[in-house]
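Okay, so chain A shows up in both of these, paired with chain B first and chain C after.
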Partner chain A sequence: MAMSYDRAITVFSPDGHLFQVEYAQEAVKKGSTAVGVRGKKIVVLGVEKKSIAKLQDDRTVRKICALDDNVFLAFAGLTADARVVVNRARVECQSHRLTVEDPVTVEYITRFISSIKQRYTQSNGRRPFGISSLIVGFDFDGTPHLYQTEPSGTYHAWKANAIGRSAKTVREFLEKHYKEEDMESDTEVIKLAIRALLEVVQSGGKNIELAIMKQDESMKVCLNLWYLYSKKIAAV
Partner chain B sequence: MATFFGEVLSVYSRAVEEDDDELDDENEEDEQIRREIEEKREVYIEWYPDVTQSVSSGNCTLQCSDLIIAVGPNASGFLSAYVLNTESWDAVGHVSLWNEKSRCTSRQPPLPGEPACRFYRHRDNPSVLMCQSTCYVAEDQLFQWADKVFGSLLNRGLNVMVLSDSPVAEYKTPDNLYGSAVPFLRSLKSSAFKDQALCPALEQPNILTGLPAAVLSHCQVHRIPAVLYQCYTDVIGPDTVTMETYKPALTSLSKLVKLEPCPSADALRRFAKVSEAQSNLYT
Partner chain C sequence: MALANVLQSESVDFSNYGRQRRGFASGLYETELGVESVGGDNLSFAVRTACADGDGPERKIEFLHGTTTLAFKFQHGVIVAVDSRATAGSYIASQTVKKVIEINPYLLGTMAGGAADCSFWERLLARQCRVYELRNKERISVAAASKLLANMVYQYKGMGLSMGTMVCGWDKTGPGLYYVDSEGNRVCGDLFAVGSGSMYAYGIVDSGLKQQNLTVEEACDLGRRAIYQATYRDAYSGGQVNLYHVHSQGWTRVSQSDVLMLHQQYQAEKAEKA
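Let's turn to the complex of A and B:
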């Protein structure tokens, strides 16, 4: 039974579980869905916008954050934890630019974020960060990347992935419909991300926020992109 | 008895009973306090006037062929949305009790929305009784609750169905539950229940506690056919997805009373807690 081994994070259970880390992954599932797709010349992040209170300024409720001009991140899980991690990552990106005079590579900043997260799974008196994140961007040589980090501090590169509430359903959709040759076309990449999100987003397309980055261009956040592409998707 | 520090203690011998006049007085006071606490914690079933009138003998016993009990906010919400939404149910009584967590002591009918234990009877089929329990019944009151409720019913030919909520964190299984279908139903039945339950049986070492356990134990002892459906859910409050998990019970319920085909999403949402638009904890 998990009960006696899940209080302290630094304690393994007899069968090798770190229950606090596993519970942190449950916290991730409480956040709304985010999907990321990597094309040949474009990377796309799509998120389900959560419903906000009427009087709340929706510009302050952001699931997609820019870490630097060439890297951005979408998270799922505890909002406050994400804010802390994103702030540290942004400082690191600038520090890297000042020291090395080059922007970070996507893998570097992913590794940095993952190291922070891992440190918090091995310290006394702290709890893990309750967020998973999808980090996308281009390196200075033009290679696109998509990485996913987890509360345990692991990170992996993906061609397409989803995190958050119905991540399993979305991932199954992506596995079924991802085609390597389609990734050459920017439109197909965007369509795949939107269609994957539409599998699980409630009340249609008005609750989707999309962020697109093309090679050599800065990130564009498209709030109502659905209206531009809806006709094409309906035709498919 | 001599000790290490030189003083001498007088020790009492357990072989000889001492005169305890003083203790007698204390016992009386203790007894009085105990009696007062018992009275305060007594469970009362208040049947409404139109019900007591329809029963002839002084001892109020209702003719009942089917008793459906819902324990917990999701089970009660399910009954409210799927069964009690037609106009053919009359409120016939409630339970008043006091404990540290529930203060439904009023002899007056409880206000809607307040945690309480309410009884409803179907107008067209008066032997079908429904009970919605959203208040906390303490361990020492459980036996009284079951005893008094079943004491008010004629037990001949009685069938009981219990719906109850439980957090999935209490579900013990060697398998990894992460990602599997939560919420889900498990069943338990008394030996007198001969039909098939509508979902898999509750596996060991899981147990039931609280009011559902008291009801099922009572039914087992008195050989009343009873089946219980326990819904394990990961949501704290009433929630539409959890309420819909009880739908298999509708097949048995529809044999007893006429049910509305399917409540609209709005109707369901009324019984669910306001969704967490206000909560900024998770994004």
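Let's turn to the complex of A and C:
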């Protein structure tokens, strides 16, 4: 029965499913894990870096993208799809600056990305984007935000979340260890993100890419954190 | 937009009063539409090159170019003062025109140039502002509102729109004042006066604003006086002075004073001083 309803995206199944969207979510579950945590004055994104071939230049594999000075995004799923979405979002951030003379709010750009994704669930001959994304940043007035978008075009705000492979395990870890008071301290936020990722990433810190943004500062990407944080992790 | 392409983006003059055609350097052409003057009814479609606003009062279609509108920022917000006379040539069409358009409870727009153009585009702006508010759950900033208006009319540049408006409001960055016109200008500033009586108004406000820290009363008085002086000397301005004050809670309509009453009041004050 399911077979005949998943051919065209624009068709509902009798029990109300859009199968293409659900298959897109399966594609997301195959992607490498990404975790995001929102603190009071800091936001952190961490992604699992897949091991790459010896001759490959790993600087060209970027899973965390800056959309503007105050917003950045990490995704899980099909990298090529993400490239398209990120490009459009970057253009929209600048268009917004041009027409409104203000930088985008995190919610605005999340809404924009979600509406693109939704459009692709309702058009002929197109398939949905196979990515979920974690969008993180600070608004003009300094409030931090973390949003997650899905292939269906929905978005929600989170205090901490994970997407991609083993997202459920990581989310459970976050739910167990997230403490409101800890979020005041920048290092606690970073530690939580790293520990959450370490649950599912093999062989420790070499395969983690972390992006940190503090209020009023631009994003810093930290690669190969092992030597920076190994002491803290050992303590934990 | 298609019309502009046909006419190669030269402005079109619809003038059916049979007056002497002004001579322009490039002369007059038939349009490519092949429309000619029909003898009796003095109706003609003539193309002339786009020119600056300088010949404002001559173009019949925008009879509000004869006007005085004024807005300035001060410590407690923005004062907006306008006259209320509409003229068609030397005929006074109305003494009770509302030249301040209430875009929404915290944004005002003034009207100078074509009345239809101003009120239409500012109502469209009101709609856009409301949609922005609903989508983003916060008020639109004055900068963004004026940008939206400027972008809307820029698409019709050269097609004969005539609009010189000041967008005034209060947003999270404080008082905002922008001058937007149909040529595509959009300028942020502390003081603007638009219209045929603007020079007289500038004289009063420039000298009155020398003292810093005006109270609301003093600023309203200054605005009222500036418009009055403009109506005193400019034939195309008159009627009543409509005064608005924009503050952090939105705008308030302060007063509507007939110019003749103001004249008597100021004369009496002068007599007292003497």
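Just so we're on the same page, the second predicted complex is superposed on the first by the 235 of 236 C-alpha atoms of A that agree within 3 Å, B and C clash if a C-alpha of one lies under 4 Å from a C-alpha of the other, contacts with A are read in each partner's own complex, and residues count from 1 in each chain.
Assume contacts are C-beta pairs under 8 Å (C-beta built on N, C-alpha and C of every residue); 3 or more make two chains touch, one makes a residue touch a chain.
This structure is a prediction, so every number in the text was calculated from the model and none was measured.
Peer 1: Overlay done on chain A, so just call it for chain B and chain C: clash or fit.
Peer 2: In the arrangement built by aligning on chain A, the partners chain C and chain B fit side by side.
Peer 1: Give one of first, second, both or neither to describe whether A:52 is in contact with chain B, with chain C, with both, or with none.
Peer 2: first
Peer 1: What angle, rounded to a multiple of 10°, is defined by the Cα centres of chain B, chain A and chain C, with the middle one as vertex?
Peer 2: After fitting both complexes on chain A, the angle is 140 degrees.
Peer 1: Considering only touches as defined above, state whether A:207 meets chain B (first), chain C (second), both or neither.
Peer 2: neither
Peer 1: Name the contact category of A:169: first (chain B only), second (chain C only), both, or neither.
Peer 2: Neither partner.
Peer 1: Applying the touch criterion given at the start, work out whether A:185 contacts chain B, chain C, both or neither, answering first, second, both or neither.
Peer 2: Neither partner.
Peer 1: Count the residues of chain A touched by chain B and by chain C, then name the partner with the higher count.
Peer 2: Greater contact footprint in residues on chain A: B.
Peer 1: Touch test for A:79: chain B only (first), chain C only (second), both, or neither?
Peer 2: In the superposition, A:79 touches chain B alone.
Peer 1: Once the shared chain is lined up, is A:26 touching chain B (first), chain C (second), both, or neither of them?
Peer 2: First partner only, chain B.
Peer 1: Quick check for you: in the superposed arrangement, does A:100 touch first (chain B), second (chain C), both or neither?
Peer 2: Only chain C; A:100 stays clear of chain B.
Peer 1: Between chain B and chain C, once the two complexes are placed on the common chain, what is the minimum CA to CA distance in Å?
Peer 2: Result, nearest C-alpha distance in the overlay: 32 Å.
Peer 1: Which chain A residues come up in both lists, the one for chain B and the one for chain C?
Peer 2: none
Peer 1: Can you list the residues on chain C that touch chain A in the complex?
Peer 2: So the residues of chain C touching chain A come out as 135-136, 140-141, 143-144, 147-148, 151.
Peer 1: Looking at the complex, which residues from chain A come into contact with chain B?
Peer 2: Going by the criterion above, the answer is residues 1, 22, 25-27, 30-32, 50-53, 61, 63, 75-80, 82, 168.
Peer 1: Tell me, which parts of chain A touch chain C in their complex?
Peer 2: It comes out as residues 99-102, 105, 108, 111.
Peer 1: Within their complex, state which residues of chain B touch chain A.
Peer 2: Against chain A, the touching part of chain B is residues 172, 178-179, 275, 277-278, 280-283.
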